[in-house]
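One structure, as structure tokens, below. Some questions next.
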């Protein structure tokens, strides 16, 4: 069980969403950070690095936007629903762009794994944004 | 002259906006990160820290969102205008919320300074978003 | 299986350490980021927030240092062993300080969980630093 | 005058170092983040990107380590001198590595500018570390 989940179960405050939806989203988004940071490094090690440039740029943006989104979601107790939604939609958008580019390079196992992480993140952002009233 | 400005002047690529508009926005956003991180620390040192809780939470979110926005703006060469706009609007929104809360505590010099940084950041995000077609 | 582990298993490059030691360290350090960010938010929601100030400051530093350490460790292919060691020792040190402070507040379930995450991170950093020649 | 400097002048607490030394270091380190993030993007746009791989990796590590160092330095009121020194030495080390690599590519104006930012950051870290008792 992730610390995000343990933390949310320990929390006695009123939340706007189900704790399990929130902790699953935080986990999916944090996992996407990890995958994107590593994918950049493997992309840089490919002999045809000039074909990987767009993938690297999108992974860099995706890692930063996802990292910030996970942090803001973890500060739930005084959160602003409009701000959270706006950030989730931005995060969904970059995960979609990055996942699509990684799928184009899925013959590289590291890009295939990263695409999977991006798609899971994209779905988690979309579902959490819908769950917020 | 900031490194963001020097870098953009050295850049021979086609940009969607005036280099000076972009570098001024990056500088204003990065300055806001610095002010928010420091303001949290001064808030925590106030005797009435329980009155500063909302200010601390907003400054934490503002620092993270601004930090990511500055990074994404600095990766201009392969940027996606819709994504950039979406992020700028989120950044404008948190700077507005954070600036407003800091103004409520402007009798603390550190909050007055942070409010000024947030308002400058908010304005820079709004202007850059409008300049993007 | 974490993406860090999947990524490292997919990697054909020579590594200085066992892939499983490295991926376990990255996971423990990333988990610590998640716990510290959330703990700050719960600390801020406590009625006696003025007693939580040192815990908040240490958690903020711990989250940032751990987050950067996980990123640098994920960029393994061209890494510098001395730099990695230096960063791991700094990360071990802040996890130790933060874990100790969280233990003092372990009657709060969120601090007990965060202390556990910090101690696991501290151990992972120490062990990985020793494994690096 | 940077917000770091304004903030430190507004601060009534006892500091372990001269406020101006601290704010100058924070500014130099934050400027280095900005230069490294931008340099990665320009490196990726070079036709001979495969010759820039080591520069990109070092700039990514340098941006992350500097960014965290600036944040920790800005949380001065409850700081631990040993931790601060350890982080400053790690930051000096990566700025030195990154500055050296950027100098090798100084025929690219963006690398020349980034090398200058790294060398200024390296010097600021070394001087601040010596000033800490």
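We just call them A, B, C and D in the order they show up, numbering each chain from 1.
Methods note: contacts are C-beta pairs under 8 Å (C-beta built on N, C-alpha and C of every residue); 3 or more make two chains touch, one makes a residue touch a chain.
The structure presented is a predicted model; accordingly, all values stated were derived computationally and were not measured.
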### Message
Can you tell me which chain lies farthest from subunit A, using the average of the Cα atoms as each chain's centre?
### Response
D
## Note on the structure
Check: interface with higher C-beta contact count, A-C vs A-B, is A-C
### Task
Find the geometric centre of each of subunit A and subunit D from their Cα atoms only, then give the gap between the two centres in Å, rounded to an integer.
27
#### Entry: Distance between chain centroids, defined by C-alpha means - subunit A, subunit B (Å)
22
## Note on the structure
Residue ranges of subunit B touching at least 2 other chains are 40-41, 44-45, 53, 57, 60, 67, 71, 75, 77-78
#### Entry: subunit A partner contacts - residues on subunit C that touch it in the complex
2-4, 6-8, 10-11, 13, 26, 30-35, 37-42, 44-45, 67, 70-71, 74-78, 109-110, 113-114, 117
### Task
In the complex, go through subunit B and note every residue touching subunit A.
53-54, 57, 60-61, 64-65, 67-68, 71-72, 75, 77-78, 80, 82-83, 86-87, 89-90, 93-94, 97
### Contact set on subunit B toward subunit C in their complex
40-41, 44-45, 47, 49-50, 53, 56-57, 60
